[in-house]
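Look at the two complexes coming up: chain A is in both, with chain B in one and chain C in the other.
Moving on to the complex of A and B:
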């Protein structure tokens, strides 16, 4: 398999694995510009989550840099009554997983 | 009032906890185990982030309520909880 196909397959594998975890409601991969590149949710939710979370991540990053310029964000969790949104940022993308923790 | 001090003391005594701050909705710290300068800085910077997180949840689902925000960084973890009138910030060393 070409490297591209192999990486693509790996991503699919990972997404499938996460999606099969109990309680997982949705997964979105967003690029550094806030544009969703993959999602297991419907279009509307995807677009909405991507935009809002992109802004939140930017804010969290800049807040951290203001507190300590040498520190950086590695993970973000937003818990609400109904579910939990986990955000794993990377250089070029970030991964969003929405789960119901009590499922 | 003494109850609040108890709780702050208990949290601060937990292994790995570096600081605990309680502030009101106007951004005024009412309790802190950190020195003034840091307290003011944390409160001023974290409050807008908290507001943003709350707004995000509101927009996604107005019937949902914010519970907590956990910001994991390379050096530590910042846990932010809030209710109507106050918010609390706890800074701890990351879990091993």
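Moving on to the complex of A and C:
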């Protein structure tokens, strides 16, 4: 198997493992324009989450970089009463996972 | 006789329907004695009519032209009066009278040819208001008939007093005041004034001028017409100036980015161009593909290709994202975060942190009972299972060895037997991280079962393993794929022929410098050799440190010297374990198959320094205490654990609990008097401060499971136990030190207190 395909398979496997972890409610992958490209939630929730979280991440990143332009956002966790939203932002994509660890 | 002198009264008196008045007047006419009387009436009425608009009720057919009635806001009839009144009664007398009256009524203005405004109007719009044709010329005059007089009539109830005509009454005429419209008083200059002469002269000149003007040739009247420029409209049309609001926020990072981009621009421009070309080419390919698919579908193909392109774009986007390095990293970090979320209480317990209850989680009634149960048993030391390192790959493989990384204490390497023991199938090494408890970070497969492994301390990413077929290999765990194996002794000429039972890294003193310590890998194997492995120019080679031969009865090393008769080719004895002195790295102790342990030195490869004999059966494990540098423990298959001091040839203490093979014994890195031993079906933790006769803690394995490996966790009150199912379970030592005062317990004290043993 080529290296690239192997890595791709690894990524798929890891995503499947994440999905099967306890309390994980959904995974969304959003591209740089804010369009969700892959999601395990229903369409409406996906669109809502991706739009709102896109804005949040932009704001967070802008805040950090205003303080120090050489800094950048690597991870963002939003803990709420009902669940926790974890966001791994990057230049080209966002990876969003919603988990409720006590459920 | 009634004197109607006031104007107002006259007004009131006129409120009468025309008909009646007209009739009456007509009736009056023949009986009227004085025409003057009637004329006065007319006069009165005319006066009134000059100020008011009176209502008229056209009840008589003779007068009605139109049945139109106009009422003003107060409800009074303000119907316009007919301009030319119909002459019903062409009485010559009346006509005369009327003309007379008109003459009388002239107020000196020659403009009004008629005395009343109604007359003027009637002269202009004559026929429109009268039903009957009237005479021209003296139309205005003669047409003032009774009708016009009868016009001023209102609805007021006041009626003209019906008096007998014979009575008569006086009518008084009076003149109104002169109304002056223009008054230009002349400037009067006195005769005695200084400029009186000048003024007189001027006046005379002016008079002359005026008189001469009339007939003089200098002046003549002439009219001319000026051209008034005609306005011309010219229209033009322009586009409105649209204003667009544009704003931007120049944030600090935006400025920084643009600046750094502009400096890098030249370098990346080329590569970007190339990228762009390839991208456009790809797009073209994609669009071509879609085009070819859509040929023949007509108009809808355009929309479809757009949609397809979009879908393909997002799909390719997804693929690009999924295959990128950064995404892989993000995903693995995300997995760690999620797992840490789930296992947070367990890890907190592992690290010795207080376990905080999640304020948002709901407390279930079952868990509460468990808590109370535990409180009841709080005095008993137990092993509380925290979590298990297991994955589908490792399930079912027996674990033979475990070791922590020297540099990063969160990384654990576990060696697995491939298949069932004795069956040389490819073994497995998994590197687990405490950050991801559900999936191993690295998985390496080896060509044979792994029997032992250890991390190097000078190169923390190098992992040395010994295998069942006698190979020794070094893996670089930083690399995730197949190129991790740096060195393998499979092709080495002097490789071990028997299973390698232990590998260990030790720091050796460089001969030349003396300060620097180079680390070497030492392995012991079933072929009786203790070998030192070196990597020289990509060549993995070994040097024998010592070769052990089985001695028959006498526990002395075989070597050159004393008796040549002893130099028989005796079968080599298996060296099962080795451990280097923690401080003096030139000294090490080995344990052999026949139960004897030898203290050896690196410098002396022929002779043992000391021999410790106690165990009748193979010594399975030797370990120096990490805290007391001259004490070591040994275990063997006879089920005993012996505590030795280096310089005494007899064990200081001996521990026995169960007649079972002790696979391994490990000192606790945290506490000098605690050690743990693993039997096939149980784990025992001894605390010499508490008791030297019994293990403080005994933990039984589940039925059917063989416990095979043991490891302490540094800095944590936890033990890792590997079993035959391929699972590494992490246990927390619970209630271990409960009830005892915090007394610093010294092993020497304990040993001294035992006494009894004779050196």
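Criterion: the second predicted complex is superposed on the first by the 92 of 103 C-alpha atoms of A that agree within 3 Å, B and C clash if a C-alpha of one lies under 4 Å from a C-alpha of the other, contacts with A are read in each partner's own complex, and residues count from 1 in each chain.
Keep this in mind: a residue touches a chain if its C-beta (ideal position, glycine included) is under 8 Å from a C-beta of that chain, and two chains touch if they have at least 3 such contacts.
These numbers were taken from a predicted model, which means no experiment stands behind them.
Taken together in the superposed arrangement on chain A, chain B and chain C fit without clashing. Look at A:55: by the touch rule set out above, it reaches chain B but stays clear of chain C. Residue contacts after overlaying the shared chain place A:16 against neither chain B nor chain C. With both structures placed on the common chain, the touch criterion links A:101 to chain C but leaves chain B unconnected. By the touch criterion stated above, A:73 is placed in contact with chain B alone, chain C being left untouched.
Which of chain B and chain C touches more residues of chain A: that partner is C. Once the two complexes are overlaid on the shared chain, A:7 sits against chain C while remaining clear of chain B. Applying the stated contact rule after C-alpha superposition, one finds that A:81 touches each of chain B and chain C. Note on the superposed arrangement: chain B and chain C approach each other to a least C-alpha distance of 10 Å.
Comparing the two complexes, residues 66-67, 70, 75, 77, 81-82 of chain A contact chain B in one case and chain C in the other.
Listed in rising order, the residues of chain C touching chain A in the complex are 251-253, 255-257, 314-315, 317-324, 326-328, 330-335, 337-339, 341-342, 344, 358, 360-362, 438-439, 481. Taken in their complex, chain A has these residues touching chain B: 48-49, 52-53, 55-56, 59-60, 63-64, 66-68, 70-83.
Of all residues in chain B, only 41-42, 45-46, 48-49, 52-53, 56-57, 59-61, 64-76 touch chain A in the complex they form. Chain contact summary for the complex, chain A toward chain C: residues 3-4, 7-8, 10-12, 14-15, 17-18, 21-24, 29, 31, 35, 37-38, 62, 65-67, 69-70, 75, 77, 81-82, 84, 86, 88, 90-93, 95, 97, 99, 101-102.
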